[in-house]
Amino acid sequence: MDFSLSPELTALQERTAAFVRDVVLPLEDRDRAPGHGPDDALRAELQDAAKDAGLFVPHLGEELGGLGLDVRGQAVVFEEAGQSLLGPLALNCAAPDEGNMAMLEKIASPEQVERFLRPLAEGRTRSAFAMTEPPPGAGSDPSMLRTVAERVDGGWSISGEKWFITGGEGAAFAIVMARTGERGATMFLVPADTPGYEVLESVDTIDRISPGGHAHMRFTDVRVADDQVLGAPDEGFRYAQVRLAPARLTHCMRWLGLARRALDVAIDRANEREAFGSRLADLGLAQRLIADSLIDVETSRAIIQKTAWILDTGNGNPTMASSIAKVHVSEAVGRIVDNAVQLCGSDGILAHPLGRMVAEVRPFRIYDGSNETHRWSIARRAAKARRSAGER
Amino acid sequence: MDFSLSPELTALQERTAAFVRDVVLPLEDRDRAPGHGPDDALRAELQDAAKDAGLFVPHLGEELGGLGLDVRGQAVVFEEAGQSLLGPLALNCAAPDEGNMAMLEKIASPEQVERFLRPLAEGRTRSAFAMTEPPPGAGSDPSMLRTVAERVDGGWSISGEKWFITGGEGAAFAIVMARTGERGATMFLVPADTPGYEVLESVDTIDRISPGGHAHMRFTDVRVADDQVLGAPDEGFRYAQVRLAPARLTHCMRWLGLARRALDVAIDRANEREAFGSRLADLGLAQRLIADSLIDVETSRAIIQKTAWILDTGNGNPTMASSIAKVHVSEAVGRIVDNAVQLCGSDGILAHPLGRMVAEVRPFRIYDGSNETHRWSIARRAAKARRSAGER
Amino acid sequence: MDFSLSPELTALQERTAAFVRDVVLPLEDRDRAPGHGPDDALRAELQDAAKDAGLFVPHLGEELGGLGLDVRGQAVVFEEAGQSLLGPLALNCAAPDEGNMAMLEKIASPEQVERFLRPLAEGRTRSAFAMTEPPPGAGSDPSMLRTVAERVDGGWSISGEKWFITGGEGAAFAIVMARTGERGATMFLVPADTPGYEVLESVDTIDRISPGGHAHMRFTDVRVADDQVLGAPDEGFRYAQVRLAPARLTHCMRWLGLARRALDVAIDRANEREAFGSRLADLGLAQRLIADSLIDVETSRAIIQKTAWILDTGNGNPTMASSIAKVHVSEAVGRIVDNAVQLCGSDGILAHPLGRMVAEVRPFRIYDGSNETHRWSIARRAAKARRSAGER
Amino acid sequence: MDFSLSPELTALQERTAAFVRDVVLPLEDRDRAPGHGPDDALRAELQDAAKDAGLFVPHLGEELGGLGLDVRGQAVVFEEAGQSLLGPLALNCAAPDEGNMAMLEKIASPEQVERFLRPLAEGRTRSAFAMTEPPPGAGSDPSMLRTVAERVDGGWSISGEKWFITGGEGAAFAIVMARTGERGATMFLVPADTPGYEVLESVDTIDRISPGGHAHMRFTDVRVADDQVLGAPDEGFRYAQVRLAPARLTHCMRWLGLARRALDVAIDRANEREAFGSRLADLGLAQRLIADSLIDVETSRAIIQKTAWILDTGNGNPTMASSIAKVHVSEAVGRIVDNAVQLCGSDGILAHPLGRMVAEVRPFRIYDGSNETHRWSIARRAAKARRSAGER
């Protein structure tokens, strides 16, 4: 058991922290437009700076311009980047592109890498992962998939609706999950300019950091060739798991960074302000909020690190582990930001920075499988494991 | 002990509920502008409708056009009105005007009533209560007041800064709390057009329902005559208590209404949606959220009713009781809205209606004395009461 | 809406408080035996003292020696009595006898009153309510009743097992719930000396205040005459509801009294002790525990009072209201006692008084329907009510 | 970063688990006496079995008969042992002896090792750590030490009172912390038969697992020689820290094992029981309790592992880390046991096994520094760290 970081990773952590502090934070004021995501100019400026700093797409292999970090390495770097909502965008490791890139790197053919992944990895495009469907379709339950792909001459025809597709508006392509016969589902790589590919509207949500927002999309007899099948046909549900467990965890990493920032903001203010003749930070009621938040930070980081090790090594149950991490960290992050708001008093409910954080982190308890769904899944596995143990 | 409502109050409750359902809710979509408060046209339309419905300024006496409700009656009507953020604005019983009117009705001279209160009661003006000051001034601790009023020929000269003054921008007048000598503080009625009266800026907060937002104000040698002193000189701190305890409770009433609405929205959706082959409302993990919310609604209403009785009758300790109600209800309301978001899943984090509610109710744990300050006050009184009991 | 107490009730409250303080508390040290309940001598001494003080069976009518309190009156007196675990035993208003007496007073025939209720009301006997059955029988779900009563010549023959029957050991009689045909269940009054009536064992639980503990009972062809049917045949489930809603609430009243005592003990200690150069009661981390507890006390009392009014007047839904009160108060009481332990530090985990309270109050979240079952019931009713509202 | 266990440690974990399951659990029924700790015969039988199994004193070096586990290895083995309250006693790694042994192994002179440590390591004696004093003496604040050691001819004279000294009754010796001059405190090794050494009484606490209970002790002119000074004079406070941080963590390990056991008991029952036509384990309200508990188990284990690594390697801040682990794990353990009780319904409040666990784990939030004290310490360090960071 060893929690030490390699000297290289420690250095990278420090460089990322410095980059966020010196380059990203000063640009935050420019991200105040009412729409979703910073504007393209700001995004390009951030990404150029990250490239210059040698921090771009750290999760990808070197042949794609990245740093080849494994999940444990990502845990270190993404947390630092996450201190600013703009940090992951700068490093091009924000959702959903980061998860899409990670999946493509594992599954895509060499031609698909060049056509879809490389432009994405270079920050020249954005992407969407089109799995969720409008009610009563597939929410947490992917078996309810209603989008269908049918065999046609020389390829497939895809029809159906997708909903709450992050980054859908403006994405260069979508990875579309569609039912293929009785047997299963298949993932398709569909460029946005394919006939029948429509972005209907972006829903108006409280989080605003993702460029392109969350789109309602429609696919009407969208024709794709066989070389646009991602991986093997009918393996879509399995690939979805490949994507979801790590994507859930990288969310945890980034949000933990933001929560740490919230706590730092709150402690700094508590150090400056006085109340009842004491430094606010020395008052017991404030100390409780600070201590509880720090405990949440440390337990979150520990469970992220452990889950990252499970994902990297295949020890244990990655799905169970990432569900546990997701529930704990999403609730811990919510508490930390809430405590920070409370510690800052009326400054805490200003729109920036804490008010914004409140709105950005709240959906994390719902996205990537609601915490209730994960609890259901955790409890079912735990109960089943005890039944199996009893039979031995 | 009797919880029954008079037939008149029951009828008024039903009329208010019908008014909100039939008149106010359909207008909510027009309140989507990014600024603070609905626009003036919408506000006027709502208030006209409330006047037509005989529901305007229900907390004021009949001679001011109101219904003469005592605090217990307000508990019933304000909760119904609060189901929509626009409801209290329609009835002209929103903060800060409602609290200002209530205080003026008790303390103002007949001339002050005509000059300041009546236009406010008729919805022709708005008002501000200028007590809080920028750090390190008076936050929760009014004794740190730095705004000063000095005797000058024929009146007073007021100088100082105020901060986070709800409704400040656009208010026809402010009730300004200023230190007067060593002895205490005095409240002054200051028209907005008085020389030296400045609204510097409105701070950008996550709540947006109050017309005029929360202003930073500056008073520079503002001259007021003796007849602009509200009540007696040097009695400002006492009057502040007169205002604060009921104002705290009317907040509780209105927010409880909004929380009930959030719960209704969530239960309705849980009744409609299916998951894992069941109605969502029948799943245990959803049932817990619903039940916990309902328990919070009922305990909140019970403690509001009890505190209203204390304020109406003078039994018990109004400050202690309203502190207890404020902490419980503000946290209960936060939990109820949060549970509703979680129950609604991705619909829950849409900007309307639940996302908006998240942002609107969060500050309630900070406004009107942060919950930490109230806990400190509650514990101090409780500890002191036991020491006194021990000495007997 | 009126929370005031009549002068008579106020006087009775004070007399009860004085009785507990002056008579009951000094006797607590004698209740340290490892078994269930204080010994008979102590119980008799306490009851004699309560009779002398005019406080005996306050919930019963005057013709049974009581004070004729309605549920609201009981809320006042039982809370005071509950400050000591011995208080309700002294007043003969402890579970299960109190609930049994209340039901018998409503339903029993004049002959049954003389034979069963009067000796119980005078403290000469104890009783048991035999409804719950061993698994997989009726726990929270009374429809799973397996005990059966069959018609025999001149009466009934009862056979079956009951489990966790509080006060079973030593009870003069049990009120036995048995299935009678397809149609329903019937309650029978069964003297302990009836052939076939067996107390098998008392289960070893962490609570120890109930004389007779919680018994496993067996009925084997127990013969009873028709005049031992309580109320009408086949109405047992309805009567059970008659008993359960108020019994649930009187539990809340008594435990609230104990929780207040725990808080008083803790505040007194926090007033005496010093830490880090301050009175412990003045430290913020202690103040939070005190304030949270006081809020729990006040919201618990308010919801008890409201539910008592519902039970007394038939307004609202008594089952729903008592479920809400039970969940809130049982969890509030648990928190208050837990906070008191924490406030008292190492004194808090001494066996007396706080350690004992920990063990005594913990089962309250399970007894009288587990809180999970009540939550399920509350949520179902709430969801159904919204569906009905939607149909109108 | 690596969470893998060596093959040796994995094998040891399995052997410990098997030992607890096959040897210790079947003996639990014999530990039902009302006093503190199992009787000497049972304790000897358990320790002999652990010796036979090669599991005795695993935390000590081989020359003392142990397995030489570092703190990370202890985390694995102590958790397994902790599944039964008797497990740590069997392995001779229960508090306070385990912490005393660990400190003596580090600090004691070779002669002291032979005289005091070896008999303890072999299970032939028990020991006590006498630091805490009766109020207003040193509770959480060691600087308030009132026990004094004064220089006398050929050694020292110790006088003072100690309180809540676990294992005090029956200990062969106590490690006594006493003030020595202005400069600091010194630890002394004091055999129980030294004149002036008195065990006054054992306080009656809700936990009963520690042989010898928690004693009130008095030292009256107790004479010790220089070779009974543990380590260097005046270094007592530093040594206390050496003992306390790991001792806090080994507590976490053992209690985590017990919490896992509680959860297993509860899941097994939820798998067996039915309610409302479903397996209890499949009901959402039960699933939440199970999932929350499992999340608590996993985050607790992760933070224990990380803190163990910090203690082993000197990375990070051991005091801060162990405070964080102690608060999180003690509260998580409390929640897990509480959830297990609730899941088991009326079985949950039986005295064995869950009722006993409730009583045993509750003090953990108070022992080893109350969680409030740790929160204070955590918040102070965090606030100071930000101030230092700001100055850079």
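Every chain is named by a letter (A, B, C and D) in the order it is written, and numbering of its residues begins at 1.
FYI, contacts are C-beta pairs under 8 Å (C-beta built on N, C-alpha and C of every residue); 3 or more make two chains touch, one makes a residue touch a chain.
Just so you know, these numbers come straight off a predicted model, no measurement behind them.
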item	value
Identified repeat of the C-D interface (over half of residue pairs identical), from A-C, B-D or A-B	A-B
A-B against A-D, pair bridged by the larger set of C-beta contacts	A-D
Euclidean distance of C-alpha centroids - chain B vs chain D, Å	51
Interchain centroid distance [CA atoms averaged], chain A/chain D, Å	40
Touching two or more other chains - residue numbers and ranges from chain B	284-288, 375-376
Residue ranges of chain B touching chain C (in the complex, touch as defined)	1-5, 72, 264, 267-268, 270-271, 279, 281-282, 284, 286-288, 290-292, 294-295, 298-299, 302-303, 305-306, 308-310, 313, 315, 321, 324, 327-328, 374-376, 378-380, 382-383, 386-387, 390
Chain B-touching residues of chain D, taken from the complex the two chains share	283-288
Residues of chain C that touch chain D when the two form their complex	34, 132, 135-136, 139-141, 164, 203-207, 273-276, 285-286, 341-342, 345-346, 348-352, 355, 358-359, 362-363, 365-367, 370-372, 375-376
